[in-house]
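Note that the chains take the letters A, B, C and D in the order they are written out, and that residue 1 is the start of every chain.
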Amino acid sequence: MARIGVFVCHCGENIARTVDCARVAEALADHPGVEFSTDYKYMCSDPGQSLIKQSMKEHRLDGVVVASCSPHMHEKTFRKAVSAAGLNPFKCEMTNIREHCSWIHEDRAAATEKSTDLVRATVERVKYNQALSPITIPITPRALVIGGGIAGIQAALDIADAGREVVLVEKEPSIGGHMSQLSETFPTMDCSQCILTPRMVDVAQHPRITLHSFSEVDAVDGYIGNFDITIRKKARRVDEDLCNSCGACMQACPTRKIPSEFDAGLGTRTSIYVPFPQAVPNVPVIDEPNCLYLKSLARRRKSKKPARSRKPVCQRCVKACGPKAIDFQQEDRLVTEKVGAIVVATGYRLYDIGREQDEPGISGYGEYGYGKVPDVIDGLQFERLMSASGPTGGELRRPSDGKVPRHVVFLQCIGSRDPAKGMEYCSGICCMYTAKHVLLFKHKVHNGRATVFYMDIRAAGKGYDPFTRQAMEEPGVQYLRGRASELYRDGDVVRVLGVDTLSQEAVDIKADLVVLATAIRPQKGIQDLTRKLSVSVDHHGFMNEAHPKLRPVETATAGVFLAGACQAPRDIPDTVAMASAASSKVLALLSRDELEREPQVALVDTANCSGCFHCERACHYGAIEHEEIKDGQGRLIRVVARVNPGVCQGCGSCVAACLSNCIELQGYTDDQIFASIQAI
Amino acid sequence: MNIGYYPGCSVHATAREYEESLKAVASVLDLGLDEIPDWSCCGASSAHATNHLLGVALPARNLALAEAEEMTRVLAPCAACYGRLSNARFELGRDQALAREVGVVLRRPFRNSVQVVNVVEILQELLPRISQRTVRPLAGLKVASYYGCLLVRPSKVTGFDDPEAPTSMEQVVDATGAVSLQWNKRTTCCGAGLSLSRLGSVVRLGHAILNDARASGARAVVVACPMCHSNLDFRQAAINRSRQHGAPGRAGELPILYITQLVGLALGIAPSKLGLQRHFVSTRPLLERLLEQQGMEVA
Amino acid sequence: MDPTDEQRPILASQVLERVGRDPARCYQCGKCTAGCPMSAEMPIKVGQIMRLVQLDRRERIFRDSSIWLCLTCETCSARCPMDCEPATVLDALREMVVQRDPALLPVRIRAMHQAFLAQIRKNGRVFEMGLVMGYKVRSGALMDDMTTAPGLYARGKLALTPRKLRGIADVQRIFNACGAQVGSGVADSLRYLGSRR
Amino acid sequence: MSNQAPSAARGPSADNATFEPRIVAFVCNWCTYTGADLAGTSRIQMASNVRILRLPCTGRIDPLFVMKAFERGADGIIVSGCHPGDCHYIVGNFHARRRFRVFRELLDFLGVDPERITFSWVSASEGGKWAQVVNDTTRRIREMGPMESWPRASTALDDDLHG
């Protein structure tokens, strides 16, 4: 007969107000297998835990049920206490009678009855609980950082400075990310590049950082402590080791009218290019669709005719290059790296108001002309127009005719808080960057007028509110509360129809330039990466943290951490803080030689396994392995399934899929669950 | 191809030329129009604004009659009728309780199986045929396509084109050889709902629309709705007289054509068969210029 | 019943029940007012009406002409970021006035709807000359617009005699079954006008 | 274990006016369980007829659990997990969905009204939605009345399945 102890917690008044805790304890006292049953004011307090330990000894308990709050709150607490008293921690279970009962019901009798039912079901379950011991796995003491924006740079430097090796993967030709495109940063107005570029150089020169630029993560295998990463190094067609960054190739390149990604389409570049002068690595890349030579090769391949003339098309860069670093034969290359932990820092992209959207459920702004109205730009374009390194050398000139705009209208919340467009969340940073834009504009165009349409000003960071106040109180600046209904081109101005909802005054503005504070979205193709990493995303595509409050940089996949805007819209200070937090989590993990894990994993009864491998198809983690059973002479008898406990996450899909009923999920066995159902 | 046809009250009176031109064009394009027998008024905004059930039941009666004739699609040339019929279909599709209630009121079997289409939609389907059978391309005629409200809004009810940046009318206009202009007031309301009771508003709204069309260089405005037509044609004299809303009409009168009239002209149908003589704003100068141009082209 | 229901302003709940659109979702961005073609003429703008619904200020809404100036052009609904469909909310408000307190309808609007529905009830279709006559008599706006009627006639655009439906009884039955109130007879309207003078 | 009979005041002859259904909810640990926790911390009041059983993932739910629950006197079942695409275990909820599509047909075949089972998606942030699922299901099952025929039918079935 089992000897189970039941401990019913009052949680002060929280439970006791609606649940008669003494009656619950009483009802359970006579239940078969219950040796001891009591109630107490605060079970999680020191005296409460002592009560449990004491009773365990006194009554020689072999199972413990604590009826109190959610196990998400205190399961660890009570299992630790039970363990301290000498019992396997997995012999302790909780019943949630607070969140799932006392807080959601008013009828005392019904709540008491429900609590009793729930505790009884747990008691029945605990009878079948087995002693489990944690699993240990070895650790590779290196980290992978995906994304070389400010988040990835910070994380890589923190980890490498602490003495661990880092592999940094960046998909663009240079690290730096969006921060390198900004002119100034709020609320201190320091120059973005001035504070960022030294860090980029640190990354390039760090002995413990391996940088794979113009590369993407192709495949992720393995599990926490032991990931195998396949990285695709895209064909740069310039040898990184030979190139001396002289720039002669770019001087020689005849295609000069290609819209520059770095200048958000407002400036131009050549087809062999470095995105910006301070790029790291400062090695050019050849843009295949635009390079005359590569285009001619593609044409020839298409027409399948033998080359009429042997004369090479263009190839002026090859002639110009002293160290002979240009290699048109170069192709994508796969390299593999072993790491123990992964930091995802893939950042964001801006929402586009265009008619065509890359995701179902999201639509553009037809009322704002779907982005086809000239002189309507987004915030990143405005940054480039303001930046000393930008296409206008830091002079504000509007795209259509190069005139200096006198009246600029800023529209906030474009694609933010707009469920009708499929974009319901607040992008968090736009109030601040719009205030920054206003101040920058007033700084450059002294007699200019700025009108800002805002919905609410969200400026809760340190020094943020005074910053937005400064913008609002600036002469020539008018903040209007409301969304503009419509904008359209009228001659050489853009008409903006809106209303100030505080005064109910309608406004019809003739603007010279309109700047849209467009929303932040996860990077394109993020679903592809999250699938490889087994990380889940929310319905907007932002990656899910393990717990919104208590585990903000961890993911549900052990060993994978998050930094920056891949998790939610973030500004620079938050991003950097998050990157350092993720690094400290990585370092905590990599500071050990091996790793303990919760033992709630699946286990195959190999004697009964028929080898159908339905479980393998059900397992998303690839935790099912093939095990060969051999006889005494080493001859193969049959192949059965085996669960790799390091990879198994304990979802139980394999258990439900097993045709011969021979997989059990430890901690959630059929016996345990049926016992609960019986009792409920 | 044959299609069910719901004329609506206005095409038998103020919008007579709309039906005349529609029928003429349909015949050239081999589109058969099967009129719903004994159709009744859709209730327009009066039923809709005052009694929700009536606002659904009146259009539903007509859809039920069409269904009884085994029509799968019904063409409603009037944008207001199109809006009411589409709305009834939409609401009955999503609201089971309402569908039961309307069933009781109608006292006739109704499965809500009839689709409702507007004139632009059907012309869009027939684009290749229009291009093929165009004998008098309206080359050089600058046209502002005016959608108004009811063709494109509410978009979840009509499901037709983009409510903010539609393109269907321009596609039809382009098929006639005329030139579609970019302008800003294409989907701005003309105020038809208050046409009888509040002339001042109608004048103000019409003024803004006509001025924007003129500013874009339009020689004619094309519409697909009797309300829009009456507000911009019948009321144009009042609009042009008014000076309280900024500059008066910049270049005098601007003819308002039904899209079927425009297509009819391109198909070579005689202007009188298209009812072009029935307009308040004379279409004669426009027609003369067109003929002259074509004459010159021939020569 | 959800106990939180009782804490909601009653007008918002009534609107929600009638038309399935929840005015409580409105966060007052003003996009509806900004795009509304009638804003300039409305004493209470559409966005304000949404707010007053949230505040349960039915008197202010119902005693004002604004909801009757709505053109039902649906621009507000098309652009509302919260999908509140202000136009639909206004439909509900107008219907509430018609059903509960028709005396609050502005005379001309009431007259137009009456004339219109009376036409349909009587003939099954709208016969415009009759409509204009009916409206004039009901509204008292006897001379406006009369000058243009001959213009319409000359262009063959006005039929002077009504054409009746075969199935007119069918239509009339629908009216009765729906309990349509506004479309009362001319005599009734004259009485109504008389009482106002 | 015979003394663990359901404790609700309801016999086979209970009349529907006072009938309080017993409903068992199988929920995943990550989304719905946490969502139900949120309903609690937000103090959203709801019907007290539902008893939650926590599982790591809806993918772990064996249709036999549901049949067992009916056999033990449940009048209704809720199966609730993460939204499609949001599964903590990436695709566990898809496995569950696929399995239950087949299972529903089986129930129908056995004479159990599939309406007695609610399938829903409740995320960790949808406390209000969880309350709605609980209230709607309770209301519906109350209208349907007690589940009478199942225990008899199922004993035979149980033998078949386990035998």
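In this section, contacts are C-beta pairs under 8 Å (C-beta built on N, C-alpha and C of every residue); 3 or more make two chains touch, one makes a residue touch a chain.
Note that the coordinates shown come from a computational prediction; the quantities given were computed from them, not determined experimentally.
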item: Touch-network distance, chain A to chain C, counted in steps; value: 1
item: Chain at maximum distance from chain B, centres defined as averaged CA atoms; value: D
item: Which of B-C and A-B has more C-beta contact pairs; value: B-C
item: Identifier of the chain whose CA centre is least distant from the whole-structure CA centre; value: A
item: Mean-CA-position distance for chain D and chain B (Å); value: 54
item: Inter-chain centre distance, chain A versus chain B - centres from mean C-alpha coordinates, in Å; value: 50
item: Centre-of-Cα separation between chain D and chain C, whole angstrom; value: 48
item: Averaged-CA centre spacing for the pair chain C and chain B, given as whole angstrom; value: 23
item: Touching two or more other chains - residue numbers and ranges from chain C; value: 40, 75, 78
item: Contacts with two or more other chains, residues of chain B listed in rising order; value: 163-164
item: Numbers and ranges of chain A residues touching at least 2 other chains; value: 367
item: Sites on chain C touched by chain A in the complex; value: 27-35, 39-40, 45, 47-48, 75, 78-83
item: Interfacial residue positions of chain D with respect to chain A in the complex; value: 1, 3-4, 7-8, 24, 30, 33-34, 36-41, 43-46, 48, 51-57, 59-62, 65, 68-69, 72, 82-83, 85-92, 95-96, 99, 131
item: Chain C to chain B touching residues, read off their complex; value: 18-20, 37-38, 40-41, 69-75, 77-78, 85, 87, 91, 94-95, 98-99, 108-109, 111-113, 116-117, 119-120, 124-128, 132, 135, 139, 144-145, 148, 151-152, 155-159, 163, 165-167, 170-171, 173-175, 177-182
item: Complex contacts: residues of chain A adjacent to chain D; value: 32, 70-72, 96, 98-101, 103-107, 110-111, 113-114, 116-118, 120-121, 124, 531, 534, 536-539, 544, 556, 600, 618, 620-621, 649-653, 655-657, 665, 668, 670, 673-674, 676-680
item: Interface residues, chain B side, partner chain C - complex; value: 9-10, 12-16, 38, 40-41, 43-54, 57-58, 61, 95, 104-107, 149, 153-155, 163-164, 187-189, 191-194, 196-199, 201, 204-205, 234, 277-280
